[in-house]
Amino acid sequence: MSRIDGRTPQQLRPVTIERGWSKHAEGSVLVSYGDTRVLCTATVTEGVPRWRKGSGEGWVTAEYAMLPRATNTRGDRESVKGRIGGRTHEISRLIGRSLRAVIDYKALGENTVVLDCDVLQADGGTRTAAITGAYVALADAVAWAQGKKLIKAGRQPLTGTVSAVSVGIVDGVPLLDLRYEEDVRAETDMNVVCTGDGRFVEVQGTAEAAPFARAELDALLDLAVAGCTELAALQRAALAAER
Amino acid sequence: MSRIDGRTPQQLRPVTIERGWSKHAEGSVLVSYGDTRVLCTATVTEGVPRWRKGSGEGWVTAEYAMLPRATNTRGDRESVKGRIGGRTHEISRLIGRSLRAVIDYKALGENTVVLDCDVLQADGGTRTAAITGAYVALADAVAWAQGKKLIKAGRQPLTGTVSAVSVGIVDGVPLLDLRYEEDVRAETDMNVVCTGDGRFVEVQGTAEAAPFARAELDALLDLAVAGCTELAALQRAALAAER
Amino acid sequence: MSRIDGRTPQQLRPVTIERGWSKHAEGSVLVSYGDTRVLCTATVTEGVPRWRKGSGEGWVTAEYAMLPRATNTRGDRESVKGRIGGRTHEISRLIGRSLRAVIDYKALGENTVVLDCDVLQADGGTRTAAITGAYVALADAVAWAQGKKLIKAGRQPLTGTVSAVSVGIVDGVPLLDLRYEEDVRAETDMNVVCTGDGRFVEVQGTAEAAPFARAELDALLDLAVAGCTELAALQRAALAAER
Amino acid sequence: MSRIDGRTPQQLRPVTIERGWSKHAEGSVLVSYGDTRVLCTATVTEGVPRWRKGSGEGWVTAEYAMLPRATNTRGDRESVKGRIGGRTHEISRLIGRSLRAVIDYKALGENTVVLDCDVLQADGGTRTAAITGAYVALADAVAWAQGKKLIKAGRQPLTGTVSAVSVGIVDGVPLLDLRYEEDVRAETDMNVVCTGDGRFVEVQGTAEAAPFARAELDALLDLAVAGCTELAALQRAALAAER
Amino acid sequence: MSRIDGRTPQQLRPVTIERGWSKHAEGSVLVSYGDTRVLCTATVTEGVPRWRKGSGEGWVTAEYAMLPRATNTRGDRESVKGRIGGRTHEISRLIGRSLRAVIDYKALGENTVVLDCDVLQADGGTRTAAITGAYVALADAVAWAQGKKLIKAGRQPLTGTVSAVSVGIVDGVPLLDLRYEEDVRAETDMNVVCTGDGRFVEVQGTAEAAPFARAELDALLDLAVAGCTELAALQRAALAAER
Amino acid sequence: MSRIDGRTPQQLRPVTIERGWSKHAEGSVLVSYGDTRVLCTATVTEGVPRWRKGSGEGWVTAEYAMLPRATNTRGDRESVKGRIGGRTHEISRLIGRSLRAVIDYKALGENTVVLDCDVLQADGGTRTAAITGAYVALADAVAWAQGKKLIKAGRQPLTGTVSAVSVGIVDGVPLLDLRYEEDVRAETDMNVVCTGDGRFVEVQGTAEAAPFARAELDALLDLAVAGCTELAALQRAALAAER
């Protein structure tokens, strides 16, 4: 079987991770998975939300949004509608949890990092690209905070790396990293977030067209772990490069 | 190991499914998983949302909410805050997708069923109890609609049954159907929605304290499938009983 | 004349007051007036709203709401609409004022009690059932706070009891405790809140179909006072019982 | 006893009813009860809300609001807060119900009248002044609609007149038409809406400081009916005058 | 050419500035430009917004709104819609900036003045009338604060006076102070805010029908400066009068 | 005098206009004025808003927004706050009016073009860059609509070109195209929108620190017209290039 863009079922789209995209943010990354482009910026502020004050522990949170014409047809702005939709809430929460899975709050100290993930162009997999890019922006922001002595010398708030990818079954075949056209045709759709050492942070599988069997689930998990491993290598390479 | 309430790791809490709780709704169920109590009502209306009109197909959707003092400390009402929180949105969407997985829209015809799942008392697993209860309320509502000839004779909109349960790893041990005190201590937490024949509708796993390995994931899925099978039997028994 | 359910004009519906309905709340009551069922929970918190700090006085407030399918046709959730309707506001304020009429703020000390009155099923008289039930939940919450020494020894914040009932004129006959079908047919409709010793806390009369004369008003007030006296006895009995 | 402004207990404040205050509205009245000044405008539109279409019947509704500095200290605008408060809702509903009590919907035909009552300066009794003024604006709007043939020849939508006044017990003495300083000191506070022939449209009594006895209630009702009768005469005089 | 109301192109409408309109506010002015009537109240409070605390400097801000029936057809209330429209925001900001242009924050000290400008009747030029009236209310409020010693003896927070007028090109002729009917026909429309000594505070010109040339802009600015000079004289006269 | 970045007072920052930035939108431009970067996308839809239906005329509107970390410190998302701020409203309206100034609605036919201008990075002049970029996106969208025959053959909806630039007086010197650091120091700040033939569409001048004299206004207008002329040439060049 040949995919729309000629990839094999096990193949990621071309992935780019461009650091330092914004001059203002403490960390900023323009990540692309094929035509999906997400701008991830990390903002560091001293202090933590009220419910955490005095704990000696930091906090990491995320907000995801789409530009109105990131998609094929224009979506109304949530600011104009006056309320945030369920999908946006859900993805923001997912990104936040995923990044917090590799954070040592004590080492971070009473600092807060906010990751803003704004989708400039969407072609499937925006939440997974956001997680992969946000991790790199977070790493840059942590390094910035270490340079500014906001984080105590010798403390490393990052306990690992985290990346994410979508997988799904299309026409009975498990595929890695779905484009939008594949995503809408998928019988089953799963987003998987892994650490760099191949363990799971989030597994979210949904039967779109029909319930799925255990064997299908296993095949999807295998694909996803392999994809995340590849993405982790790309993250390391991006962070190793001079900026 | 002995659990707080003396259950074995593989044991559900006492589950009750009380049909016909409300005199107004087309289907209504008070479901309890131990101290978790959720009132699920199904409302049938002729017609479908605008984007679906003329398709000949029906629609099923769900709304989840908690009474302010369903929990140990009082939560502010979302109506008073003027906005629905991310968690509420996320769970409402999950319940809706889960029920739609066993619906044949064509057979339902241009009718809409809304499932309201209001948590009267919470002790862990509210979203899974809601799905299990809502399915029974939906079945009663479908039967009502058949009786009223809103659904064509001989058509069966339900393609199967659906139930849900939480699983998690506490102190290294995989446990079925977590109470609140277990849930907050879980290293990993997963909600699994299955059809009556043991296939997956939704799998949502989250590393709360530490990323989890494939073996742990597999153990949790085994537990969950067994739990859902037991719940499916309870649903069948409830629906078989005279009302 | 015979009423729909065979009652005499002066007769209340069967009233039940079930204490300790919820395991979390400091006071909780499931009250029913016939098919009208309201869950009233009382939450005690130390401290008072900002405008009252340092006064040495406490505060009591209430919030009323209906589940979407408490009524014959489903109502949209106010949380989804993003705003609270006028009727909800009006009733919440009425319940709060009614309970505050029997509170000695000084004796309560700087504690706040919030009464949540959620209508699970509606069949007329939801606001009056809410007041009658909320008083009992409040009494249990006050006793709890005394047990916890939040209230100084020897102080009694409750200066009396309070209960409420609706009255109305249907086909020219004054009736006590209207069911929904009677309520919609009433020419005049009145909600009366009394203390246990028969004095008035609130009198809210509305000409639904035609303005009413002084004699009619007098007849309704007589009926209401008798009804409230009976309800006060039921409250006393409920509070006297072992829980 | 002498009141702050030298009135007897049975005396209204000076009341003025200035018709035709606005050049745009179909009816407009600047009403004052002493220093309380409310601008009431009536807007007539052809057609009725959707739920009433095709009924052949009209609709009358009202909106009440206060300018931010109508009171002694500035209140935040409800438009800025993004939500309408309970008090505003409650009063808007009261005004609407009061006016609808003297409307024959059939005679009005499928026309809608909206009464806007904006408090320019507040000194107690704003809701009662609003009702008294709004009735006159409504009468002018109805006459305008008759002139424009929106209402069928020979039909009179107004079935009577309506006016309102506050009464209360201050230092044990029942007083008519409370100023703000009297209102805050009142033990009991009641707003009464009467038709021109002395029957009741709304009776809303509240125990502010202590529950009240039947005898007190009776005394207040007597005062209020006398006050409303006087106000009805002032309304008639205003409407009889050339504009 | 003769204008609708017989004015020459260079002529203002009759302007009245009525001080002390409200008994509660520290400054209050009912200003009219012909049939446009705006109630401007100034509220003085000790203290400043949080971001300005400890600076020793004061703050002046403004809120503009229209009564629903100030215009020819009724507009929905922004409080009912739950959000403030762009036009309202824009004008509130313009009024605030205009007044701040003649304020010495240091001399004002840590006090805040809020100007509420509520349009009671609109006939074009509401924002310019609001500025002219608000300045006078502000001057009265400053004098009040000086009397109360909120402002240090010998300090004068007002560094000048400010007034505003609209100008526009209708049928090729530059006109001063447009009425509504002129405004809707204008090819170009400009609002100009000047100090009493003829310098500019705000210049906002908009091509309504066609882009405008420099010569037209110059002609409009000449007209506006002359108009503002005349308005400044009226402000001085109003402030010189006994209240 | 030397500016921060070495420009002369009459010099624009480096301006780039990158067409076809997004694969989904009918027109899309990434415009930069130095470090200010705005993504402008144009969405064409058949049909017009309800109030314009049947007129045979089209509509053009715009929405402006900033990413949260486009600026030096992070701003809260307006979607999260649930309301759009005054500045955002004001700028969206300005962009819409500016573009409509060069649109022939009849020639556009009953089509709507929405211009979304999202600031990815801000360094002063975001609204002027947005206008200049949005014009180019609009031109591409119009060409697309002509290609799709949504616009009748031979009709040209664009009656000219439009561009914008900021000017201001810093330390007494009139400067063109202010960077953020210049903008905050400006005594007077003006945004000017011109057509390609040097006429004015919008002139918005604000005295930030001190009222400004006519001579200063004249100098700023001269600078702005020259700047807009230069920008118009860059727009023409961008549109002439192959995509």
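We call the chains A, B, C, D, E and F, going by the order they appear; numbering starts again at 1 in every chain.
In the analysis below, a residue touches a chain if its C-beta (ideal position, glycine included) is under 8 Å from a C-beta of that chain, and two chains touch if they have at least 3 such contacts.
Since this is a predicted model, take the numbers as computed values, not measurements.
Most remote from subunit F, judged by the distance between CA-atom centroids, is C.
Think of it this way: of C-D, A-F or A-B, only one pair shares over half of the D-E contact pairs by residue number, and it is A-F.
Taking the mean of the C-alpha atoms as each chain's centre, subunit C and subunit E sit 50 Å apart.
Averaged C-alpha coordinates give centres for subunit A and subunit D that are 59 Å from one another. Residues of subunit C in contact with at least two other chains: 82-84. Viewed as a contact network, the protein chains form a single closed ring in which every chain touches exactly two others. Contact ring, oriented from subunit A toward subunit F: the chain order is A, F, E, D, C, B. By the touch rule above, subunit A contacts subunit F in their complex via residues 22-25, 28, 35, 39, 41, 43, 45, 63, 65, 67-72, 74, 77-84, 88, 114, 116, 118, 120-123. Interface residues of subunit F facing subunit E in the complex, by the touch rule stated above, are 83-87, 89-90, 92-93, 97, 101, 160, 190, 194-195, 197, 199-207, 210-214, 217, 221, 225.
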